[in-house]
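I've put the structures underneath this note.
Here chain A shows up in two complexes: once beside chain B, once beside chain C.
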Partner chain A sequence: MGQRKPSAETITANQAAMMVSKAMIGTGILILPQSVSMAVNTPDGWLSVLLSGFVALLAGWIVGLLCRRFPGRGFYAYVGDIIGRPLGACVVVLVSVYYLFSAGYLLRVMGEVTRMYLLDKTPIMVTMVLFMLVANYLTVGGINPIARLIELFMPIIVCILMVLIVFSFRDFELDNVRPVLGEGLLPVFQGMPSSILSYSGFEVLLFLGGFMKMSRKAVPAVLAGIGLTTVLYTLIVLVTIGSLTVEEVKTVTWPTMSVAMNIELPDGFFERFESLFTVLWVLSMYTAYVLYQYGACLGAAQLYGKDFRVWAYVVMPIIFAIAVLPDNLNAVFALGEYNSYASLLMFGLLPVILLAVAAVRRIGNEQAT
Partner chain B sequence: MSKPLKYGTVWLLLAAWLTMNAVLLSGCWDRNEIEETGIVLGIGLDMPSDGGDDEQRRPKISMTHQIALPTGFSEQGGGKTQKKYMNITSEGPIIFDNIRQLATRIDRPPSYEHVRVIVIGEQVARQMDLRNVINFFMRNTETRRSIRVVVAKGRSEPIFSQHKSGQTPAIELREMTENYHKTLRTPVQMTLGNLSEHLTGQHSFVLQRVMALREESQLSGAAVVKGATARMVGWLGELETAGLNCLLGIRRFNGVIEGVELESGAMLGYEVRRMKRHIVPIIEGDRISFEVRIKSEGKLREDWANPGDSFDQAFVERAEQATAARIRQLAERALEKTQKQYKVDVVGFGKRLSIDHPAVWRRVKDDWEDRFSRMPVKVKVEVRIQEFGTRGSKRR
Partner chain C sequence: MTNKNTTWAGAGVMSNEQRRLSEKLHDNILAFQSIMGQSPDVILRKFRIPGLNKDAALIYIDGLVDKQTANELVLRPLMMLEPAKARALGTAGHSGEDSKPPRAARSRAKAAESALVGTDENNMTVSTGNSQEGAEGSGTGAESAGSGHHMVTSALLNVAELKESPLLDDCIQEVLGGNTVLLLEDADTALIVGSCGWPSRSIEEPVSETVVRGPREGFTEAFRTNTALLRRRIKDPNLVLEPYKLGRRSKTDVALVYIRGLTDMALVEEMRTRLARIDIDDVMESGYIEQLVEDNVMSPFPQLQTTERPDRVAAALLEGRIAVLTDGTPFVLIAPVTFTMMLSSSEDYYERWMPSSLIRLLRYAAAFFALFLPSLYIALISYNHGLIPTKLAISIAAGREGVPFPSIVEALIMEVTLEILREAGLRLPKPIGQAVGIVGGLVIGQAAVQAAIVSPIMVIVVALTAISSFAFPQYEAGIAIRMLRFGMMLAAAVLGLFGVILFFILIMAHLARLQSFGVSYLSPVVPARPSQWKDLFLRFPLRMMKQRPLMNRPQDTRRQK
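After this line comes the complex of A and B, so read on.
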């Protein structure tokens, strides 16, 4: 189990915040502007994303409270205490399966994007298998290497996103995001379901919480992580709509990549920004994927008691099978959507229920809550 | 690392190692030798010359590729200048078909990552739905959204064999499209991405027009594309384009306005430094009208008046008025042509209305351009001459 050496296997609040943020910024950001624009149909998509960010903050706050209530123990360990062993086991299975699907979906999107923008003729299976192998190497290392790598990559990823946003402002036209609220608030609310979906991922704190050195910092960490993601998401959607127009965003497959392809510094000094972006984006996907795989392994280890490292190898073929399951790009997007709905159901409702039950049954650290 | 590796792990590692061998030792799938690719610099689109309308097949399109020929280093300093490019023209039912045909005609697989410019022939622009014409390029990841698009008067093919300096025409043309800020007589460059945005949004817009002269090509005037039909509806001449640019109020222009001073009838040259426009929709019940306020600041660069004393503020003010009158005249000519004749809204009156009065806009947005063509537009111009160069007068 993961908590064999509690003294060594701890993470700081900073690391937790970065991991929360990193688990969210995986694939969503590549298609978010499109799905939101489709739902909103006016240039106000970025407002939906911003509002959804607040909803996510609320959900994250609840997850944070739950973590604080059970210091030093992971979600998988205490869920059984709260709602009883059999039910708890069901929840652990559900969450683990969800992480398997998330990892599979992410793997496939990584493969698709790489095939489209970088390696046209390389079979997609090969990129996927290689990616998995390298990711597995990190996963078996346990929480500390994962946390450190994310701590190292996170600034790079934020940087590359900021570069994307700043360079895109050359092409940004204010009129493209106007009129603001031209059709009232209704479209903004219509866009919220699809934008809330892109915020799934913060729930990694559920199992990260057990590793936190100071679990009272769980709430600030999750709020910081979600806050950072909200800002980045909002800016990306704003910039995408501002430089491509809503109508165009609705028609492109990977809107954020299209924005990256739009970028051109004067005199051809720097063309092909999207190559750099894709390469660095694989890093970003890598860190998110590792978190998902790790989450699935921890859950399985909790249920069956073996070392999570063994499970890391066991889940690889399952994840791969899920990744190759959709037979075309539309099926991939559909899988992503089901995934997000599942996450919304599980991590929107579950922590609330758990927290309520724990409070009623007086389980956990009462003072902390 | 206290625990020895388990057998399962060892087997998995071995399997992984073998897989890696199979993958890594077989070489790279996506290897592209730079010497073996044909770098496409320009693409021209035309209707096929033999007129394919008699057949009941889909409309055919003809495509001209301009491909760079890398010259060997050993040939440097040789006697005669070699051509740096070759042009290949093909015909086919769709764009992609044209591209695949290339493989049967040249040994190098074409690479579209460095396309500088796409030239659309007049007939293609007028007769084909441009959304379909650019669809291939929008789907393709190699073709960047920043490729410039221009419309050729007549066929696009000759544009690719015009060159003054021995430079490759496609590169030369690309540089020319970027010179729009030196003159008012050509519209702002149009990128493939922007073109697509206008087309999907069904906004009307203008593109730069390129004309093949005897030995060179020239950018002048504009092609007007109606957003609703995604087809070109007509040309704007140089002066009409200048008027349109004033209406668009693009800040980066440094073009020249030639005014005529009222008192002496002398010519004046005014260089635009800043141009700002403000569109004000005026709603009176069901009647919508617009007022365009153009404000410009600039420099008096030339006058043919005698003595033309710029130290005299009265003269400067007369020059300001003369320039303002000229701008107004140009703007009205542009409106006459686009609004009344072509019935398109290329200036963005509709957009402004949708921002200022969203409720009104919802009522009129269907058949907007038709309604707009009957709406009165008033143009108000204010010009301020800030300075007049290093010489203010010819004689004092």
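After this line comes the complex of A and C, so read on.
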């Protein structure tokens, strides 16, 4: 039978905000305390993260403005209008490739974390392939199921993080985060490049904007999403440094996991909170991965005109190849870093350029901006 | 069986070529006989109407008609008709053919009268008077050829349901539906008398959905009884029953029910097109319709709600949903349905809000246990011992000492045993069913543990799972969870907790994709509309629930000022 009534492909502002936030909180939160502490070298890493959050808000605001200028149309559709078809096609390819790499990186990190804390004997390929298949099932469902699932999972994910933060307050020592600004503002600024990287992901609004019922809510949505992420990031970094000390954070691979490891519930009820945290964190990785895969498929579908469902199956082996490419964990993190730099370049600069060109050429909805 | 009934059924269900009746009574009778055959339950009674001096024939199926209607209200007044009265009824145009009724016929009619019920003359006159009034009302409508004869006859028949049809197939359909067809000499139309009446079960308490507080009556197999049960609850002229006849051979009566001005017409239209698409030779139960109109055949979750409770259907209609009544089954379909509806009972609204809310939360907990408990046991025992508190881990390990199987085999043995017991208890006659319970209790409980086939903690897990899966107010939802439980157990056995979470994500992704008649299966949880969360995990006080659920897109959103 299968003849369902096609519901309009629209998402609410609420869903858009959660998806923006979700695309950011994927893997970053697991390694952010370490990378920031390495760069800052003082307990002020959380200040870098907070400040970077404001920079991200600025970037997000520009992306929001761009969305509002082209209501009902996705980034892939209007980029060609702004800078011409050939150049636009190049941008679409770049963005799609970026999403492929993001998805591959996330997949690999998921596999590594699972191997580390859950299934040490199961081959990493098995977990990755199964994860990918389950994700693909949602991706081919289209934007509405993705939005619904993220809306459903987002509160759970925030709850997990809050539980982690609240429970680790037992180990939290104020001395560990003191002195605040002991060496001035310079270390804080030194930490900003690496912390800004973890904010990549808000650019999903570029293609989400086309689905939004009310595009004038694009700016509030992206700001809310980035704001939520900023708060969570800052708290996590603060708690991590506060309970582990800067020196220790710099040495561990997965600092957030180490915090979870230290958590002990009364009467030894959960001796291994980190396993539970990993299990629940799969929810978070899943939702982020689906967004990346969907972003890649949508770009490819825009270029070649086929249904994005076809592309979902096409990109699966590519993502898998990218995921197994790095030999070791260091190579994985290097991949993640390159990825973030690419994101910074593309989504820090590109929206500004596009917005400027659109304003000069008077394309799109002038009143909206 | 109203006139409207057949016009609706005409859409694609009837054969396209419709045979007409002839003017010759003899030809018509032959046609009937050739089509209906010589089955002994088909009654064809030829008789003569003395008042009109015409031959007539009465056709019905024994067992499907109320014989009292057929004999007393149709046969008797016609056979007792006297020429004078026939003229008085205004058939002057046909008076030329009038002649004295044969004595034989009259005495035969007398005999029939006394043999049947023996009504007195007084009663007879009163009823004729009644029908005369009725004839004046109905006579204006009947202007087609041959209706002149029927004006007389219809004036005499003391029945409420009466119509005329020139089509042979139509008449046959009506006869098969339990009505009586009256053929008349020189008339190319037949008179169809509503005389359905067959023995049916009385209204009883629904077996599959019991409540402590709330009405105790349930739907029955009789279509008319069911529609009446609905009408009694919603005395609104806008309650629409759209009749269908589904099944090329079974010609099952089906009604699409909604409330005009309240229900979203797009939803009604969607159901109409899906019903019209059904082309099957029999519709034995509403389950046939359910399976032929549902959105996703591959889903373990039911996409239409089935219920035996009229109050539940009425409540659903007032929420802006639609119902499908099917003849021959007490189960009524309701669409659309969402996951949260599967965990609510009609009693939730009859009890006060606090107990209702708590019990509803309890059901969510039960759903969690029914789905996750055995798989969590497997995952924790086989992969992630670290998550079990140390003391408990030690006692579990002690209990599992001597159990030769891995935890998945242990769990499968117990779960399958339990499912078999449940199935056996369901199919057996009730008195023996209890014996199954005793055997099951012994097998599951003591013996399996003493034989060291399963550990005591496994018994607790299975028991809790079983009890939890009984707590579903909707049987179908319980089955869905039961099926998924086994998938979850296998996932846990292969990948531990990672498998459990992956399978959980898969279920949620499926639910996020699933739609029931254009309504997301996860509504109203997501898309999030907090104003719609008053009837979700908690059932808010009725005074606060002033809106209908918006996910059904009702035309009239307020239910309370």
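Methods note: the second predicted complex is superposed on the first by the 362 of 369 C-alpha atoms of A that agree within 3 Å, B and C clash if a C-alpha of one lies under 4 Å from a C-alpha of the other, contacts with A are read in each partner's own complex, and residues count from 1 in each chain.
Basically, contacts are C-beta pairs under 8 Å (C-beta built on N, C-alpha and C of every residue); 3 or more make two chains touch, one makes a residue touch a chain.
Since this is a predicted model, take the numbers as computed values, not measurements.
Asks: Touch test for A:Gln15: chain B only (first), chain C only (second), both, or neither?
Replies: After superposing on A, A:Gln15 lies in contact with chain C but is clear of chain B.
Asks: In the overlaid three-chain picture, which partner chain does A:Leu119 touch, first (chain B) or second (chain C), both, or neither?
Replies: both
Asks: Determine, under the contact definition given at the top, whether A:Glu183 touches first (chain B), second (chain C), both, or neither.
Replies: first
Asks: Using the touch definition from the top, say if A:Val79 reaches chain B (first), chain C (second), both or neither.
Replies: Once the two structures are laid over each other on A, A:Val79 reaches no partner at all.
Asks: Please determine whether it is chain B or chain C that touches the greater number of chain A residues.
Replies: When the residues of chain A touched by each partner are counted, C comes out ahead.
Asks: Counting only touches as set out at the top, which of chain B and chain C does A:Glu247 meet: first, second, both, neither?
Replies: After superposition on chain A, A:Glu247 lies in contact with chain B alone.
Asks: Examine A:Leu223 and indicate which partner it touches, taking first as chain B and second as chain C; both and neither are also allowed.
Replies: After superposing on A, A:Leu223 lies clear of both chain B and chain C.
Asks: When the two structures are overlaid on chain A, which partner does A:Glu151 contact: first (chain B), second (chain C), both, or neither?
Replies: In the superposition, A:Glu151 contacts chain C only.
Asks: Which partner does A:Met128 reach: the first (chain B), the second (chain C), both, or neither?
Replies: After superposing on A, A:Met128 lies clear of both chain B and chain C.
Asks: Considering only the touch criterion stated at the top, classify A:Ile29 as touching first (chain B), second (chain C), both, or neither.
Replies: neither
Asks: State which residues of chain A lie in both footprints, the one left by chain B and the one left by chain C.
Replies: 118-119, 122, 126, 130, 271-272
Asks: Can you list the chain A residues touching chain C in their complex?
Replies: 1-5, 7, 12, 14-15, 114, 118-119, 122, 126-127, 130-131, 134, 137-138, 141, 144-149, 151-153, 267-272, 275-276, 279-280, 282-283, 286
Asks: Under the touch definition given earlier, write down the residues of chain C that touch chain A in their complex.
Replies: 266, 270, 274, 277, 292-297, 383-384, 386-387, 389-391, 495-498, 500-502, 505-506, 508-510, 512-513, 515, 517-518, 520, 522, 525-528
Asks: Can you list the chain B residues touching chain A in their complex?
Replies: 6, 8-9, 12, 16, 19-20, 23, 28-30, 113, 141, 144-146, 193, 196-197, 200-202, 348, 351, 354-356, 358, 361-362
Asks: Taking the touch rule as given, give the residues of chain A at its contact with chain B in the complex, in rising order.
Replies: The touching residues are 116-123, 126, 129-130, 133, 171, 175, 178-179, 182-183, 244-248, 250-251, 258, 261-262, 264, 271-272, 310, 313.
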